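Heads up, the thing below is written out as structure tokens.
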Amino acid sequence: PVKIGFINSITGPEAPIGENLTNGVTMAIEDLKKKGVEVQLMKEDDTGKPQISMSAMEKLAGQGVAGVVGPYTSACANAVSKLAEKYKVPLLVPAAAKEEITRQGLKYVYRLNAPADKYASSLIDAALVMGKPKTIAFIYENTDFGTSTVKTAKEYIAKKGIKMVADESYSKGSPDYRSTLSKIKGQNPDLVFMVSYVADAILLMRQSREIGLQPQAFLGGGAGFTTVQFAKETTISNNVFSTTQWTDDVSWPGAKDFFNRYKAKFGKEPTYHAACAYQAMLIMGETASKNGGDREKTKAGLKSGSWKGIMGDTKFEDYDGFTNQNKHQMLVLQIQDGQFETVFPTNFASKKPIFPFPKWK
Amino acid sequence: MLKVDKLNFSYGDMQVIWDLDLVVNAGEIVTVVGANGAGKSTTLRNISRLVKWQSGSISFNDADLAKFEPHEVVEMGIVQVPEGRKIFPEMTVIENLRMGSFIKSARPKRDENIDRVFTMFPRLKEREKQLGGTMSGGEQQMLAIARGLMTNPKLILLDEPSLGLAPLMVKFIFDIIQEINRQGVTVLLVEQNVYQSLRIAHRAYVLETGRVVMTGVGEELLNNDHVKKAFLGM
Amino acid sequence: MTPILEIKQVSKFFGGLAANSDVSFHMDEGMIMGLIGPNGAGKTTLFNCITGYYPPSKGDVLFKGQKLNGLQPDRVCKLGMVRTWQKVRPLTKLSVLDNVMVGALCRTNSLKVAREIAHEQLKVVRLDHKADFIAGGLPIGERKKLEVARALATKPELLLLDEVMGGLNPAESDEIIQLILDIKKAGAITQMVIEHDMKAIMRISDRIVVLNSGEKLAEGSPAEIVSNPEVVRAYLGDFHA
Amino acid sequence: MLVFMQSLISGILIGGVYALIGIGLTIIFGVMRVINFAHGDILMIGMYMTYSLFTFFGIDPFVSIVITIPLMFMFGAFLQKVFINRMQGALPQNQILLTIGLGMIMSNTMMLAFTSDYKILSTDYSSSSIKLAGISISTPLAISFLITAAITAMLYWFLLKTDTGQAIRATAQDREAAQLMGINVKWMSILAFGMGSALAGTAGALISPTYYIFPQIGSTFTLKAFVITVLGGMGSIVGATIGGVIIGIAESVSAVYISSGWKDVVVFVLFLLVLLFKPAGLMGKSRM
Amino acid sequence: MKPAISIIRSSAGASPVAIALGLAVLAGLFLFPQFVQSPYALHIMILIFLSVIMGEAWNVIGGYTGQYSVGHAAYFGAGAYTTMILLQYKQISPWYGALAGIAVSLVVSLIIGSICFRLRGPYFVLASIAVAEIMRLSAMNLKDLTNGAEGILITEIPHLKFGDTLITDFLTKVPFYYIGLVIAIVTILVTWLMQNSKLGYYFQAIREDQDAAHSLGISLSLFKSSALAISAVFTSLAGSFYAIYIGFIDPPTVLALDISVQIVLICIIGGIGTIWGPVVGALVLVPLSEALRSNMIAQGIFKIGLASEESGVGIFLKEHLSHAHALIYGILVVVVILFMPDGVLGWAKKLAAKKGKE
């Protein structure tokens, strides 16, 4: 079997998300086995801390892995990417959003998901297609993901001539956003752009309704707004736009099947993290085993190969200062009647968008 | 009433009480004198079960104290007025006194007892609402004794009640001790004021490095040459 | 000659309570001053005011002619005035010798010198046989001696002793009395002593100040004090020397 | 003005729950002199308990406190008897570390049991609100505020007016003296830790409908609890109540008038200012 | 009463054997990279050095002076951030960056000292946490300076040159190993010097009784601040070293409460207020958490054949122990605190003393 490392946040503050990646990888290993690819998975917990992530990478490099999938968080992926280059271990980052990771010209570092700037641009583009928004308010969690997404969003709206009227970051675990939302309401923005994980996403929308915040559109720029858990809260989640790396109803091959099998196996729906991790492990597993576990050849194989799978067409390219970055197509979704519907880009769309946001009841 | 039998006690590796025997009969004032570090306070702490002895026994009215927790000892009728007074600093005088009658048997007589100690120490009544911690040394000592009496004890253990008190106050405290003894409370008194304490004691023990070296009637010991030399500096 | 310590109308208020009010007296070099008074008269508070532990609410403290107002205790100690604590405060986990060394380091930066001074002072209080014992385990009497040795190690000119005999029996007190008298005989150190043990105070004091309810009630020689009817009423009761 | 009133009201409502957390800690600190770094984790356990009762048995979170309170009391009593009790009189840094360790055990055990997913408890009133003169008041928060007020009043009465309550205070001030008064200090400690835990658990239950639950949530609340307790004055119930409300208002108002990113800084600065200028806390009497 | 095993004079007369042994260990440490090439091993050693530095540094203020700061992340973060900001935005070499970091930490320590040293006991602990949290939140919010939650990533470490000769390009771990080792040794030396000087006595006097110390001519503000300053300097150095070594920092990794707790843990687990306590603490904690994290326990069980990897038990161990390592860690902390209140070192000493008696 070919040895492949997997670094992930299994414990620690990032564990809730990390779990999805672990599940995705677990499924990938099973599927590889079905295809006749035997993978010896070397799982390492980085507890969300970069130095621990490095320990893990050092250890894996010493144990002769053909390649490594992970780590989940941007901070860890950043720290590990340089080590990968140093030890010449192919590293495939499945879901970390920070742009810099694939902008350092590192030859051994590959990334499957789209970086942070795509979250903002795809949502704002969608809004511009649907209407003529003039003002936007940002409310986002002050994590790496939140701040870097909003940073690129700010650059993007400047180009598009939209004015920012509020810029509010919050730390996770503050249950009461009413004051902040009232303040935003006072500015009467056309768009409300939010970046949050699921729990905060639900609270933000619940409290927006309480307060009566009524923009033309709510844009959910992050993980939380694309979860089923969020969609289930139909009183508050209907008609919210969001963007994601992946959804089950997209026409990419195997997506629906993956969704069903994942749900059957783990008892909950896969997030895009799970899908990314799954696909990343598939790619790494296939490439590494095809090349007999040789790192150099695996690296070359990743560079030259192209894949079609649950994440659509995948190819690692150099462009716009990126190296080995998959030009992943982000999808814009809208929750309609409790269901996620793809509304942009139009060629993947399953429903027409509802715009502007209907009056709260 | 109280019987200490072959008591041995050590703090960690250091033995401070050696085969100590001591008896207090009902109605007596018994005083224990001894040099610094002789183990007087330690003996009282053992009786109150604040520390656990290694061998020997202490019995009170024929009940073996080894079986009881400190608070149970109080319920049996032994109360200690400890070295350093140990007033509850952030409680008022009256609250301190009320704590004195925390045990069930004392609660019904609480108001009656408060009146009693207030007549005994009129100063406390004046300062009813003052916080214990802000009282002067002498007032705290009065409060400590009064609080002890609130329990309706059968036996009261007094550890250096006159420590740090002005001469007038010392005299007053010894008068009080005799007064409560007359009211039927048995007293076990530990004192550095050897002269005064031997004067009022029915019987006395002399402790040296954790051992009883002498025992007898108070007045007798007062005239004993060894006592005179060792404790009275005469 | 300027008095070594001069206290001018010192007052200290705690909220509404005047723990000291308008206390004035002075001390000459080499003498022993006794400070007595009923409980809560303000003796310890006065020590605290003199040594900078509390700033006096009013009035001045002059040490060797210099005003101390607002000076922190460590500065006061460096100037040559040190006090002991009514409730002894050994550095519990350090050895007896180390305790005294901490005092000695006030005058030297060398551990070696400090160690010598410490041994010397332990001999003075006759505690040298316990130099290596942990201070926290000493019985009260020896703690009091340690307190004195540590204070002496700072090489003071003025030593303030707060009830160093409290809790000792008469025989033990005698030892301390002898120690105080020895220090006086050696000549370099002036002392102020708070004590409730009248026998002791009579024996050692050159002069006595009596405080009552924060005010100075009387000042005079021991003989004057015991025969002062006000002092007898407020403090002594029927004590007879 | 409307925005200000809105933020003030939200602050007061949240502050009520904070108060409950603070009171729990103040009782534990007050009696045991233990700085309980596991307080937030105890609260977290209360949240999971509420969550489980709701999802598995369909018991409404506000009703479930009838079950949560005794269970959390027993949990606290267990912690006290088995662990904290051994630390009585130990060096403070060891106590701190012990509770940190206990907190780690709690959050990681919950992680093994419930995974680290965010759990959300959605009742039909979770996002309902009452409108009052243009100000919206969250129904669940309003209910929990009322419950908090009732519990606080009961505790206040218990600690100040009953003998047992007084005995708890006495134990806090001098354990040995309390023993000499016939007070069973071990039982008082258990009572205090149990009550403290029950209060933290109740606070957890009360915020469950409006909040989300995950194993690592504790530390946020631990810090908040400290701030509240010190602000009000350690050991003071009234102080903790006031402290909780002040923190709630400070967070809420500074989120509006400064920014949500800085609101926690405002809280900590407030905390330091109180320590500096009123070291006994707003309601405390003396310190050390 | 027993004679004191005086903490202060423990090192007064080191036996020749001990000295020889010490020198041998030292030589071994310096030669280590010559024999062990595994970057993983070097990495673990570097993490141990880091822990030693932080532990010793905390020991000065916490162990010797008795001020239990649970806010040392403030200095760690100050060092890390200063170095990284200067390097990344101003292209200033980390050597100077570390010095600047020390300067910043000293200023921070003065500010913290002036606020917190008025407080005693638990209040000091809480205030120290509050200040560190303020720093963390500020780093989060001052995006222009610190890049906020995104953190700072260095792209390149300037090479170390002496004149024109390249000494190291920092491409391997070896230079980091030696830098870490040297700082650790210096930290231990400074602690030793401190312990055997007036400072050591004064710090301990303050720990035992502040009022008594004050009355004996010890300026509390001066000496507490000195202790904190010494502590801050080395914690800051550790922070700078960490930042450069890892190449990435953000508020949660260098300013979180977690780090402060970790620092205290090293000291207390090892043994507080002794020179070798933090060293023992680091030697215990770093490998232990690494072993737990990488599930070495389960692997050990497989190796010695207690259970097979494929069996039900084996799968359970593999799946669950790896999730449970933080739990096991917590349990170990509790066990150590309950049963070794004086830390591993104190416990070992007691054990040795007992053996000696028998």
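Here the chain labels run A, B, C, D and E in written order, and each chain numbers its own residues starting at 1.
Basically, a contact is a pair of C-beta atoms (placed from the backbone, for glycine too) under 8 Å apart; a residue touches a chain by one contact, two chains touch by 3 or more.
Remember, predicted model here, so these are calculated numbers, not experimental data.
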Mutual neighbours - chains that touch chain A and chain E alike: D
Which of B-C and D-E has more C-beta contact pairs: D-E
Farthest-lying chain, centroid of Cα atoms versus that of chain B: A
Distance from the CA centroid of chain A to that of chain B, rounded to the nearest Å? 74
Centre distance in Å when chain B and chain C are each reduced to the mean of their C-alpha atoms: 30
Measure off the straight-line distance from the CA centroid of chain A to the CA centroid of chain D, and report it in whole Å. 36
Measuring from the mean C-alpha position of chain B to the mean C-alpha position of chain D, what distance in angstrom results? 42
Which positions in chain D touch two or more other chains at once? 108, 111, 259, 261, 264
In chain B, residues with contacts to at least two other chains: 14
Contacts with 2+ other chains: residues of chain A: 11-13, 142, 169, 171
Could you list, by residue number, the parts of chain B that touch chain D in their complex? 48, 50, 69-72, 74-75, 79-80, 82, 86-91, 95, 98-100, 102-103, 107, 131, 133, 147, 151
Chain D partner, complex, touching residues on chain A are 11-13, 15-16, 18-19, 139, 142, 167-171, 173-180, 182-183, 186, 197-200, 202-203, 206-207, 209-212, 229, 233, 235-236, 268
Report the residues of chain C in contact with chain E in the complex, numbered from low to high. 51, 53, 72-75, 77-78, 82-83, 85, 89-98, 101-103, 105-106, 109, 111, 114, 132-134, 137-138, 150-151, 154
Mind listing the chain E positions that touch chain C in their complex? 1-4, 6-9, 196-198, 201-202, 204-205, 208-209, 211-220
Chain E residues touching chain A in their complex are 38-40, 43-44, 47, 137, 140-141, 143, 148-151, 153, 155, 171, 242, 246-248, 250, 252-253, 290, 293-294, 322-323, 325-326
